[in-house]
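Sharing a structure with you now.
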Amino acid sequence: MDGRVWQIVVDSFGKLLIPGITVTIPLTLVSFAIGLALAIIVALTRVARTPVLTQIAQFYVWVFRGTPLLVQLFVIFFGLPSIGVTIPAIPSAIIAFSLNVGAYASETLRGAIEAVPRGQFEAGYATNMSYVTIMRRIVLPQAFRSAFPALFNTFISLVKDTSLAANITVVEMFMTAQRITAVYYEPLALYLEVGVIYLLFCTVLTWVQHWCERRLAAHS
Amino acid sequence: GSSSSSTSALQEVKNKGTLVFGTEGTYAPYSYHDSKTNKLTGYDVDVATAVAKDLGVKAEFSEANFDSLLASVDSKKTDSVANEITTTAERKAKYDFTEPYAYSYGVVVTRKSDNSIKSFDDIKGKKDAGQNGSNWAKVAQDKGATLVQVNDFSQAVETLTSGRADVIVNDGLAVLDYLKQKPNADIKIAVKSEKTPAAHFPLRKGSDDLTEAINKSIAKLRKDGTLKKISEKYFGEDISTK
Amino acid sequence: MITIRDVHKRFGEHDVLTGIDLDIPHAATVTVIGPSGSGKSTLLRVIDVLEHADSGTIDFGDGPVDLATRDKATIRDIRSRIGFVFQNYNLFANKTALQNVTEPLIYAQGKSRKEAEAIGREQLDRVGLADFADRYPSTLSGGQQQRVGIARAIAAKPELLLLDEPTSALDPEMVGGVLEVIRQLASDGMTMLMVTHEMRFAREASDHVVFFEHGGIVEQGTASDIFDHPSQPRTAEFLQSFAS
Amino acid sequence: MDGRVWQIVVDSFGKLLIPGITVTIPLTLVSFAIGLALAIIVALTRVARTPVLTQIAQFYVWVFRGTPLLVQLFVIFFGLPSIGVTIPAIPSAIIAFSLNVGAYASETLRGAIEAVPRGQFEAGYATNMSYVTIMRRIVLPQAFRSAFPALFNTFISLVKDTSLAANITVVEMFMTAQRITAVYYEPLALYLEVGVIYLLFCTVLTWVQHWCERRLAAHS
Amino acid sequence: MITIRDVHKRFGEHDVLTGIDLDIPHAATVTVIGPSGSGKSTLLRVIDVLEHADSGTIDFGDGPVDLATRDKATIRDIRSRIGFVFQNYNLFANKTALQNVTEPLIYAQGKSRKEAEAIGREQLDRVGLADFADRYPSTLSGGQQQRVGIARAIAAKPELLLLDEPTSALDPEMVGGVLEVIRQLASDGMTMLMVTHEMRFAREASDHVVFFEHGGIVEQGTASDIFDHPSQPRTAEFLQSFAS
């Protein structure tokens, strides 16, 4: 890497980090939190096999897992105004990302819940706990443990998927890298740089994951 | 870059018999796919083809997103880019550029009902739906507009018509192409600018003889009316000269 | 008197319960004995609606309730009256020994955490596990887990306690201890239905013994009827075998 | 939707389906197959806790989960030539996608393997099976069962992520939609259309998932 | 003679095995009895290296082997000579009853599938489960699972068979059956180390009985020594309790 490129990389670091910290991170955290809450509800609904609700949940998962996130963003941001619903960019992004996370994470959780030994449910029933209590106190905590790495997959994916928000006018980190590229024409260097910053963010998440895993492992 | 180690850039092109251009293929009417034949076509494509032919080699095109076009040149997967590339001081530090093969003018687009924009100076304080670090976005920002980030011209129009931006500063000919496709769109051209050089072929640094050769070809094609003919095919007017 | 009537259950082509009628007098201990695979566990599971009976009723004294019911409220009402000690313990894997006892008290019975912990410690103490309150099930020996299961089931003071081989993992001293617990529960008025393979334990603990085979009742009577004067040759044969 | 837009959508269907069938589907299937094989190896390596190999596996997962897929594609296709390794576009895409799937799916599998009761391992050890045999015959089949929905998450994500191959000159379905948009300026309609085609592909995968889940459930 | 020497094992602060020495004569059945939590299961697990001992050796007659070893080949060599019946069965959840027996034969012993199935069916028949060959563990009763576990362990014809409460889920008839199996194995020359809570079974099945408490051996001797003339007051107390 010659001096000029190096200089560009150094000068860009701050410019990239700012949208990283002010957009990528909050967008990720908020969307994941909402998405995870949604995922739990959807997973429970699917496991419960209640007639109508389960079908609705299944339909939701089918659509939001099966279509590209970019299309979901587009429809929410550019499509809804045509039926009179205009949502600003950031809320649109949060809605799309949360719905997407909800669909994926609910499947992960469903698999993990179904793998909890039946005896755990039965012990809960036998002690006359309600279905919801059994789920909340006994089954979900055990399901989370095995689903943890896969849930963090979704989390870490989301960190990077937030870059799609650029398509609905949100100035985020990747787009900023592209903008700098458009000035200096150094795509590879800038992509590498932005890649390193994403890696930094994801490293923190990986730490959190491993820390939580160790804690959960201690409790069983 | 340093490609002039043993053989010259021109010699290399002649040896392999092809001149490879990167292009987006999604920028009508400069580089796009014909809706009937599905073949890559457009002003830049045709000019690049003519230049290659004049050099006695075949033109080849490699399609990808914009950043990839540049990376392709850097990694020697392509020789140049035919995609309405303009020059700046920063860009000249990275690549050699040929003489321009197209001139264009900028326009300010507004919603039909908006009569507040009479000159480029009126966009001060307005929200401009601009493309990803393009020259036009820079022009708008220099005039005091704030940028609403979009990825292509269609998105810019959606953003404007849904009220999320006030103006679009962009290439006039691209806007005309859009209006040709969608005459009923709720947009109009409010202001036009002067014509300026709009398209050059970038080449890896050190490709002096190849730059020279392409420059000669452009001059020749301009002189013998080839560029004018191509231009009129796509625009109904000559954009190959000032 | 708790009465169970005409309980049927099949798994696929396999008739596991073929019409069971059973009377469990108040404060009595009724023991079911019989060969492996004869449907003893299934009977207990069906009574607690952990498995849906194909048909059958249970009557706690206030009218028969359908054991094949799918009605949530009915099922929860049945379960609220019953405690269950599982053959394979089924402790909550993510809870400590103490929490295994207190969780149901707090979350199913609505007791305060403090009250629940007091009861929990008392019950763990009763089964000799006061020192193991904070251990997770995976670090407990088989017998320790079984005792936690017993403590959990009796802590809720159910009307009917179902015990599926409650002493299978216990050494003789502990069996003696559990026998003591059961006798005390009985004298406190607890009604119990128990499955066990330990004939000596069955004899000492039960008021009434039921001999079960192929999902049906072969013979029943007082402990001494069954153990000392069985009327059916099959019963006699079963009891003559090894460990009677 | 007016007549013109409808006409564009109808005319485009074939043009989109062709790259869908000739590029998106084979790219997805090949990359997922390789990625899954890789994931199994990596997950086993991580669970085994062998000194050096585990660290290498952990490093690999860290890098390929933590950086954007687009950057990985860029580095493999545009970056490697600078050190003398030039790989054509489709193989580059397959390499990047496989490595990415390998990183994500290995985490999912690791979680599922760790959730298989220790008694299953012990029974295997006690019958003197080798570690590899225990994994292959006993533990992995059980782990797969609970990991299934999460693995299909990765699979279904990949279907749509293949669109990133457009960045390295592979003409795939989404790129084709953008080309048509460039002519007709109807992004919303075309994105919706391409979204429906992706949904079609993913629906088939969802069926496969549910069919497999039912089969696995029957076997336990 | 298989000799076990000076086995130590602690969990955290808890000394579970405090220096166990044990001689198991060839073709003999040695039984360990003792209170719940005294370390009986742990001893068996340490012998099969399912748990690493802190120290200790086992000698099959060809020199002592370190039970604390981490060497894979050594561990596999030990395990290849040992069969294990688990207290909680530990059947392979994704395999049928028959496959539970045949998998190790095929994949650890290198037998052909055909040969393995012949052996598997023979062993299932021996424990009375010929009709249950194709059932998955989750659909078997407790006693049925336990018998599959026994069939799996003996199918490999180990030099030493470890049995952790092999009759805990079995009815008296089955206990008699298993006793028969064990006697036959002993007469075929199998050496066995067993943990059981059923004193009558221990007395009938064992040549040698070891009484265990707090991770140490209190007393050992022939079955009649221990049961009829215990020398230690603690042994006598334990045996006097409930079910001796």
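Per-chain numbering from 1; labels A, B, C, D and E assigned in written order.
FYI, a residue touches a chain if its C-beta (ideal position, glycine included) is under 8 Å from a C-beta of that chain, and two chains touch if they have at least 3 such contacts.
All values derive from a computational prediction rather than experimental measurement.
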Chains contacting each of subunit B and subunit D, listed by label: A
Minimum number of chain-to-chain contact steps, subunit A to subunit C: 1
Chain pair bearing the highest count of C-beta contacts: A-D
Approximate Å spacing (C-alpha centroids) for the pair subunit C, subunit D: 50
Centroid spacing, where centroids are CA-atom means, of subunit A and subunit D in whole angstrom: 17
Subunit A and subunit B, separation of their C-alpha mean positions in angstrom: 37
Set of subunit D residues in contact with two or more other chains: 74, 78-79, 145, 187-188
Overlap residues in subunit C, where contacts from two or more other chains coincide: 88, 138
Subunit B, residues touching no fewer than two other chains: 67-68, 71, 74-75, 155, 158
Chain-to-chain touches, reported pairwise for every pair that qualifies: A-B, A-C, A-D, B-D, C-E, D-E
In the complex, subunit C residues that touch subunit A: 45, 48-50, 76, 79-80, 82-84, 86, 88, 90-95, 103-104, 107-109, 136, 138, 152-153, 156
Interfacial residue positions of subunit D with respect to subunit B in the complex: 11, 15, 74, 77-79, 81-82, 86, 166-169, 171, 175, 178-188
Contacting residues of subunit C [partner subunit E, same complex]: 11, 33-37, 41, 87-88, 139-144, 147, 165, 168-176, 179, 197-201, 204, 238-239, 241-244
Sites on subunit A touched by subunit C in the complex: 117, 119-120, 122-130, 133, 137-138, 141-142, 145, 219-220
Interfacial residue positions of subunit A with respect to subunit D in the complex: 62-63, 65-72, 74-75, 78-79, 104, 107-108, 110-112, 114-115, 117, 145-150, 152-154, 156-157, 160, 163, 174, 187-188, 191-192, 194-196, 198-199, 201-203, 206, 217
